[in-house]
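The structure appears right after this line, and notes come after that.
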Amino acid sequence: MKRIGILTGGGDAPGLNAVIRAAVKTAIYEYDCEVFGIRNGYDGFVETNGIVPLSIDSVRGLLPRGGTILGAANRGNPYARKIVRDDKETLIDVSDEIIKGIERLEMDALLILGGDGTLHIAHELYKKGAPIIGVPKTIDNDISGTELAFGFDTAVGIATEALDRLHTTAESHHRVMVLELMGRDAGFIALHAGVAGGADVILIPELPFKFENILAEVRRRVEAGYLFSIVAVSEGAKPRGGKQVFSRSGDDIYVPRLGGIGQQVGGYIEKQGFESRVTVLGHLQRGGSPSSFDRWLATRFGAAAVRLAAQRKFDHMVALRAGQIVDVPLAEVTATAKRVDVNDDAIITARGMGVSFGDD
Amino acid sequence: MKRIGILTGGGDAPGLNAVIRAAVKTAIYEYDCEVFGIRNGYDGFVETNGIVPLSIDSVRGLLPRGGTILGAANRGNPYARKIVRDDKETLIDVSDEIIKGIERLEMDALLILGGDGTLHIAHELYKKGAPIIGVPKTIDNDISGTELAFGFDTAVGIATEALDRLHTTAESHHRVMVLELMGRDAGFIALHAGVAGGADVILIPELPFKFENILAEVRRRVEAGYLFSIVAVSEGAKPRGGKQVFSRSGDDIYVPRLGGIGQQVGGYIEKQGFESRVTVLGHLQRGGSPSSFDRWLATRFGAAAVRLAAQRKFDHMVALRAGQIVDVPLAEVTATAKRVDVNDDAIITARGMGVSFGDD
Amino acid sequence: MKRIGILTGGGDAPGLNAVIRAAVKTAIYEYDCEVFGIRNGYDGFVETNGIVPLSIDSVRGLLPRGGTILGAANRGNPYARKIVRDDKETLIDVSDEIIKGIERLEMDALLILGGDGTLHIAHELYKKGAPIIGVPKTIDNDISGTELAFGFDTAVGIATEALDRLHTTAESHHRVMVLELMGRDAGFIALHAGVAGGADVILIPELPFKFENILAEVRRRVEAGYLFSIVAVSEGAKPRGGKQVFSRSGDDIYVPRLGGIGQQVGGYIEKQGFESRVTVLGHLQRGGSPSSFDRWLATRFGAAAVRLAAQRKFDHMVALRAGQIVDVPLAEVTATAKRVDVNDDAIITARGMGVSFGDD
Amino acid sequence: MKRIGILTGGGDAPGLNAVIRAAVKTAIYEYDCEVFGIRNGYDGFVETNGIVPLSIDSVRGLLPRGGTILGAANRGNPYARKIVRDDKETLIDVSDEIIKGIERLEMDALLILGGDGTLHIAHELYKKGAPIIGVPKTIDNDISGTELAFGFDTAVGIATEALDRLHTTAESHHRVMVLELMGRDAGFIALHAGVAGGADVILIPELPFKFENILAEVRRRVEAGYLFSIVAVSEGAKPRGGKQVFSRSGDDIYVPRLGGIGQQVGGYIEKQGFESRVTVLGHLQRGGSPSSFDRWLATRFGAAAVRLAAQRKFDHMVALRAGQIVDVPLAEVTATAKRVDVNDDAIITARGMGVSFGDD
């Protein structure tokens, strides 16, 4: 193995830089390999100066830094790249240029760090001949095949800290505080942070809720002498029979919108006579320094991806299972989406402790 | 001095509990005094069980806790208290009941912790005979007569941390990240956090801005090779010639609304072709554990207020000046509002370093 | 199931209170059970007022609080309890009193939260007839049968933050900074924090080191232009052929001593001509608010322990495996000690990235 | 003004990089000036490659970074620089080389960031003709002429967080926890953190203590039902009639030693029958990201220093007074040392709340 490339796709997540650092160090120290960074996702293959060499010095000090030094701004799917031609926006397929780029630079492997969208494309590129190794990146924890991906632990930590802060205001003002969290299709962040932050109501996409049930819980608490309530809501939570305010866009970038589900829930409660305030945590969940766990996991993923490349085990993704780093075929990963198992012990635990999911 | 009361008015702020703890400990240990807590602002005087005894045990563990154990939920101004009579909302004056309550409990002094609204009422109650001592509480730092009040340092710290987080996403995605911060009439939080967090544009109520100037700065940066920008906006910032989206309500409670100035700014930039995201920090700024400075200041304020009470120096407020705790007449405090001095060295410093205030 | 008891043994760990809270809530809400807290470890059974009822109100606000409301101060092993008789210290067996206490209070189960020492005693008490359920608690992560116990993630987070802080001083002063961390027999904290905090040398009990190897790494870095180095040391790390400065005491309480291994390492490096400073993190690793992960894990453990009690599955311990809560026989848990697997992928990863373990 | 130099002396402090960033930005944007950084304190003037140009790009991302990019490793006083000649260590005066260096590079001003030792040398260099501007840097807050210097707020914040952590262990284990903090001659850190962290005993150099008084306070608390105590100790605290374990070395670098005052205090209490643990916070106080206040103050100091240079107001230091940036003659600054005023309101407040200083 003489040359490898690294590419980060989709939204940024705490730990991307730690993966890059680990991969560069392992490739250079252990395999005496050259490393190239592809900038701005797949775009680096079609843009001027889109591919840069990475040295040990390039990755100094990267471990605690959020974001990605390779950039995440991109024009999306290389199979349907937006360009302007004759004053009109049109979509073109630039996947061949990626294959050519890999060949031109004689890359023995290309590590692709991304969410399910990015990994799906990676799998397609493999079919075209690209020597792809996947590294799972998801704040939402919605990638199959791995127990966890880096970024999630940091996001849950930030969300939990936000719930701690809201608690003091809720208690002082006898209010219902609603916190809208990330999670379009998978409610892991709201579930984990809700449990860790002591939320009274947790709303997740996997368990469609009824507004009346939220109200019932708030009322039950007031009657028991607890004059405040905390509600943790996934952005993708939806009323039973209703529909999601968000739908999954191609690039997994979080865009908070006016009138999201958090504001709907807060508005409903307020109308029923309980003072209510809504906070949308938004981008604060994905920025900043990764937690120690995410740095640990990202470092192990980065190194493992390089070793997988050395074994030429392409079209596979590194993954965490029972504390060990393993690898899984990308085909398996992209075949199913990971969601909260609503019969899981975690849900049962929360219910048993009096948490309402608004579903009964 | 045999008996004192303590009351917290308006929105919660980190440090309220630390003031209560210091006042209770000082009153009991130093003056062998009884202490009563008035619950839910001025409402405690007119509600059942609204006044509770406070002991050394009542204040154990309070120092690091945000919020106020006395509660802040209230129906506002005692001179215009909302009640429902004959199915209609009406306003009544309950100030006499406060005076009677103080007399009935034979309070030698009543410490009132609050913002300018609350302190204004305190001053009026003094005129009616109440032995008032004021303690300034403001997240926004908009109370005259004191260099700082507790809560502000914590809020600036949280806002700065949020800017740090947004930086990594901004850099990775080549975006403009807009952060809307508290400050309806005074831009101190946005100014301090903006400088401490390295914002490129800072918008405050004291310096009406032009949208085009924000754009010019974003463009200037892109041309200089900095493909992202960070904008810190006070919720009360306003376009030149335009008007504020918020107006000051009676109770100084922060209510984030849809379509606030942050979203206007972000929307404008996006339309001009620069990808932009908006975060409204909202209540996260006022909750949680106070910073070490706020605990230190709150503790000194609480103890000083009790000593001022012992000296019967009523109608005065404790204040911080040049590192010392002093006292100032409430009449002076409520006569003028504190705003950012736009000719101050801090503004000049920021401008000199290339920060744009959108005003020229 | 009508009555259960809860007992916390050994040193405190972030998450103990979260376990107590979850167990109390689950027992009351789900099983309508009475709950008793045993104070000060096993001592509560033999002391006046050593057993207290726990209600929903007793556990309010406990989730983010470090330590244990049940107290951890104790006179150790109930099979060998220190007492003073005739002016001499002597050891007596009070295990029968524990059995009697359980019977007198008609406890259907006793949840015991503790490390391997405490769990070993629990297993012995079971043999005498006590209806024991174990909950693993270890900062060091040295309990077999579970992937993780609560407290470890928080400790690693604090240690990583300390390494981040030391980095800036190390870089500015061109120094070797040595950080001594907890871990008498198991080096997990130093390994995880060392990798997450970017240490250059990591010394753990499982890999006896040579002083010269540390020096060689420091020198190699200086020659490569990196004028500083960071060394993370488990308190139980030992030179090859040498012996540990610490030995495991009965109560797993951490006592930093003068002249520990951190200071030996720092002193050695300094003598070889490289400026060096030593920090012993000590108790700061075990105090304070638990991380979101530890709150999540502790909550699940607490609820699962109550459900295990309801199933009368005594002499078992709740455990984490592959993200699921399972149970394992206490006999298995206490049969072997968990140590860092020196052939594990984590060690290989660190070595591949240039980290020295001082062993070759 | 065409060229200025910047030099950081003594130990590192959070905020040094923020001063450098502000000075560089102000000098370039506002004065179109060239800026040079002197490396490793005064040593940069006598070492190869000791002086480097600083551009806007050099200071990107510096605001949140601890330490100093200019390095702080140095061989101390240029009037008595240690060198090895004929195998023997000897001291030589290299101050003339500094003057020549300033002339050779045609520096119109040299900003010197440092503590009292560094500023004293700066004042001497001014007498020799160097165009010096001082910027106060002290973790300990022991520089006269300014209310505060950057670094102190961060250090107090870290120390307060440590006290919070120790509280949970102290309470759980019914122990006396002793925390040794920085402050050789000035007890500001222990005083501020002790008050903010709720210490029961605070020992500072300005108030010599008696061991028996500490014990009396611990006993008094146990009798009142508080089975634990927290003791915050300045490293320079000393028993009445005894002597300090530390003496001030030339370079204001903190070196924790075995058997310091913290361990003496802990050992004494333990011998009297109260279980006790000691933590020495050491270097953790000076590293890491500066607090928002320190970034704000450092930024204002850096910009003000450049403006002072432009006014050719040499031999002066920038300072904070009553929230404003002012300047004071270096001769005044170095004439007296700042110490805790033992008759100050802060001390009275702490005593009134029941804190013991061990002095009566």
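By written order: A, B, C and D. Residues from 1 in each chain.
The rule is short, and it goes like this: a contact is a pair of C-beta atoms (placed from the backbone, for glycine too) under 8 Å apart; a residue touches a chain by one contact, two chains touch by 3 or more.
Every value quoted in this text rests on a predicted model; they were computed, and no experiment measured them.
Student: Shared touching chains for subunit A and subunit C?
Tutor: Expected: no chain.
Student: Quick check for the class: compute each chain's Cα centroid; which one is farthest from the centroid of subunit A?
Tutor: Chain D.
Student: Using mean CA coordinates as chain centres, what's the subunit A-subunit B distance in Å?
Tutor: So the centre of subunit A lies 35 Å away from the centre of subunit B.
Student: How many angstrom between the C-alpha centroids of subunit D and subunit B?
Tutor: 31
Student: Just give me the whole-number Å value for how far the CA centre of subunit A lies from that of subunit D.
Tutor: 41
Student: Residues touching two or more other chains, restricted to subunit A: which are they?
Tutor: Subunit A, residues with two or more chain partners: 161, 164.
Student: Of all possible chain pairs, which ones touch?
Tutor: So the chains that touch one another pair up as A-B, A-C, B-D, C-D.
Student: Spell out the residues on subunit C that touch subunit A in their complex, using ranges where they run on.
Tutor: Residue list for subunit C touching subunit A: 22, 25-26, 29-30, 63-64, 147-148, 153, 156-157, 159-161, 164, 192-193, 195-198, 291-293, 295-296, 299-300, 303-304, 307, 321-325, 345-346, 348-349, 352-354.
Student: Please name which positions on subunit D make contact with subunit C in the complex.
Tutor: 11-12, 14, 16, 40, 65-68, 71-73, 158, 161-162, 164-169, 171-175, 177, 227, 253, 255-256, 258-259, 263, 275, 277-284, 286-288
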